[in-house]
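What follows is one structure encoded as structure tokens, with my remarks underneath.
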Amino acid sequence: MMKRFFVIAFIISAFLAVNISSALAAETLRLITWSGYTPKVLLDKFEKETGIKVMPTNSSNEEMIAKLRATRGAGFDLAQPSQDRISSVQEKYNLYQPIDLSKVKTDQIIPSMLEAVKKNTMVNGKPHAVPFCWGSSGLVINRKFARDAQDYTDILNKKYAGRISYRLKRPTLLALAFAMGDDPFAKYGDINAYRALMEKVGQAMIEGKALVKNYWTNGDALLQSMRTEEVYLAMAWDKGGWKLHAENPEIDFFAPKSGALGWIDTFAIPAKSENVEGAYKWINFILRPENAAVFTNLDTTANCSKGANKFVDPAISGNFERSFPPAAIENIKWYPPVPAKLEEIEGKILDKVKAAK
Amino acid sequence: MKNQKRWGLFFFLSPVLLWLFLLIVLPHIDLLAMSFRIENDDGQMVWSLSNYLNFFEEPIYWLTFVRTAIFSILVTFLTFVIALPVAFYITKVVAPKFQGFLLVLLLLPFWVSELVRVYGWMILLRESGVINHFLIKLGLLNQPIEMLYKDATMILGLVYTSMLFMVVPITSVLDSLDNSLIEAAYDLGANMWTILFKIIIPHATPGIVSGSIVVFMLTLGNYLTPNLMGGKNSLWFTEQIYNQFIASFNWNQGSAFGFLLLVLSSIVVWLGLKLTRQNLRKVVQ
Amino acid sequence: MLRKPPLFSQDVKQRLAIRFFMQIDLSVQEVTKKFNEFIAVDNVSFEVPDGSFFSILGPSGCGKTTLLRMIAGLTEPTEGKIEIRGKSMLGIPPNKRPVNLIFQQLALFPMMNVEENIAFGLRRRGEGKVDIKKKVEAILERVDLAGFGDKKIDQLSGGQKQRVAIARCLVLEPAVLLLDEPLGALDLKLREQMKVELKMLQAKVGTTFVYITHDQSEALVMSDHVAVMNQGVFEQIDTPQNLYNRPETPFVAQFVGDNNAWSGRIRQCNDMTAEIETAEGPIFHTKVRESLQPGDEVDLFLRPEAMLILPDPSLSELNRFHIIVKDILFDGANSRLLAHPLDADTELLIALPQTRQYDYIQKNDKIEIGWDQQSGICFRRS
């Protein structure tokens, strides 16, 4: 008994030792990203090609900023923030280093996207990110129960009381502002006008609080509640809706009448990255059309690689065509860069909503 | 000679002191300094008390703290009410050879992370969850009811998470309670309740107080359970600190909240000790 | 004219007399307690009349504590009845029984002061504050602890704690006060003193005491009646004098007081006198309590003080034999000779009166010993 225990312990420790030493020996790339952005097949392929082992950490915009801010841009070699959350924190905390476009195979990237991201992340005359993928927030609806839901305002609609879920985060505030006929992005420059608008939206959310089942915080948990039909109507990302559509045709992602909120996730290199070369290698690798298509096929999120479409599964591209008729594409509201101070205003209002009875 | 001894002590203690200083004291000093600074309209960092004033001026903040504190006290009390009979059963009723086994059973849920435990509860309690399923199967319910996202659910989760920290100290004080005291009280005409209030609780007070302090502090500082099980109304003070740091990027306000949590919870504990006429030294023993 | 036959036999009359003229406070009838297969108390019956001091004496593990706990209600008997002042106690919990128990470790409540300890039972009865105060003061005075009400329990000496424990029970005026070896934890000197004190206190308050102990001296000194208990059964219930002088079983003979044991065989027996040939050699004549047949194996017990050193030759009725002194055990009034018979190494204890008459006796002396036929205690070996 004892002997067997020791043998097992020895094997395990030997195994760990080998693993750790190989991890130490190999070149690594510490990537802070979003869940789903690093498919295993691509990590393996990349390691085979370059010998670099990618170590992903799944996170969110806010946490990415907080972590990099705490270490002043150290601890990760490559990050994937959304394009609208780069310039203001860069100006304030200097988290990233400028991107050297000569090292990026820019011909692999859809030019309009590249231009937009370059412009939005321009700080001190230098771009700080290149695009990787894009998607939108809109409504995920179960048509069996919510036949008529059209717009964000329906998440405050009594008809769906107790069957509604959304995040208590800034996209919800912005979406409701649009649906109320306003344009929050136009007010980004005027803090007082923005605050007034947000307070109005916050008030509406407080009044509609009784109708919400819960404020979701975890994408998988939301999908579970929609799958079990506890929730009919949610504000969420397109890819979640598409995943559910594959399981239950009644559920789908819809671009709301007042426009889906479009985001672009990027690559940005933290200021104290210890493997800048590896970071560029990964950027060029995953934006290669056939690799980008692997990601899209697995995650259903659209990528920014030029020419990847021909490798994308028809079912996946079908998602996009179904949810976005040409008019809806035109109507996508792309997030402009967020000026400083707005998050604080939004944070306070979201707190108020959460605390309200 | 004596001097030598002192140097020896210092020598061996220095890694601990260094560790305490570098990893605990230093970051806290940094946070404390941060909590007294704000960014003025020109983007300059200046010294100010306004992070602290904000807390008292903005009802959401202090109401959230009051709510968190009241719920923590309630959770502590409920945990005590449940833990006392459990501890009594383990120490006085069950055969000694099963005591260890029962304590291990209590410990078992702590072998998985809090997140897993909370998700476990969510699977049980959700509208399409296991409990609803069985209640409908048994014909007790016509249609499922939502048990999650309510204050009561949150309290359930918090009590569950805290149980061990109350049972263990009470078990250890009850172990030292002479059975004949209980029998003597019974013999002198006391009923179950008098024995409980006059003999068992007075004897167990040090354990109860130390358990209560641990449970209160853990509950007050909990983040996951209120957030996941409490749903839409459960703004917990820790969540507000998190929001300040992560969502609003306002680290200065966040650190001020952190220190307010520390100070205010210490005051609550101090009041608790005063009310039960215990002192910290006795309780920590 | 025919004489009417007596309505009752003598024995029944006596018991009726107890019934009618003396109240029976505690009556235990055929009580048995089993723990799984182990029989702790085996079919025990006894009665304790009002105001008497009754002791149960036995070695540890004989079941006496179990018996006491059954009377207190802390344990339920497996079979049998327990009555207190004529009322069956079956199924009545300890807090409803008119008996109180003083625990071996006293079980004073450390979280309360002396006064609160004593008032505990009165408060449970819901008596008025003024009454309680009066009663507590009266009982404190009675146990000579007046003015100790505010003292903490850990400020008291062993003897004072003892008296608080007694006061705490007596203040409730129980029908029967049960005491579970309460002197066990005290040092010898204090124990001797408390023995007398307890006896006097009992006489003063007149409450019925049931006292259990493994210390024969405690039982003999204090009690009106003593029950000797062994392996769950009562061997004998009697007055202390009778237990000592007329033990009914070998166990009682050996357990109560010191005794020298001989084993032997009957050579002849007539009219309650037997001639015994002991295994150690000497042949003795002794009175017996039953008729024995030649050849019966017997145990013979002799008290140390029954053996006379160098008896007067004129006393012809004495059994005489020689011993060799191995040691002199000096213990004041209780001094003994440790010796053995000439041809055997059985140890004998012989009382050595401190009259200076025997000061000359030395180790290894050969001495003649004599004892009267009447002081032998003889049992057939079963």
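Here the chain labels run A, B and C in written order, and each chain numbers its own residues starting at 1.
Convention: a residue touches a chain if its C-beta (ideal position, glycine included) is under 8 Å from a C-beta of that chain, and two chains touch if they have at least 3 such contacts.
Computed from a prediction, not measured in an experiment: that's the story for all the values here.
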Shortest chain-hopping distance from subunit A out to subunit B: 1
Label of the chain whose CA centroid is most distant from the centroid of subunit B: C
Chain nearest the global centroid, as defined over all protein CA atoms shown: B
Computed distance of Cα centres, subunit B from subunit A, in Å: 35
Cα-centroid distance, subunit B relative to subunit C, in whole angstrom: 58
Between subunit C and subunit A, distance of the C-alpha-averaged centres to the nearest whole Å: 89
Residue ranges of subunit A in contact with subunit B within the complex: 62-63, 65-66, 69, 89, 162, 169, 209, 212-215, 217, 221, 225, 228-230, 343-344, 346-348, 350-352, 354-355, 357
Complex interface listing, subunit B residues touching subunit C: 178, 180-181, 183-191, 194, 198-199, 202-203
Residues of subunit B that touch subunit A when the two form their complex: 58, 60, 63-64, 122, 126-128, 146, 148-149, 227-228, 231-233, 235, 239-240, 243-251
In the complex with subunit B, residue positions of subunit C that touch it: 72-74, 93-96, 99-101, 103-105, 107-111, 120-121, 124-125, 168-169, 172
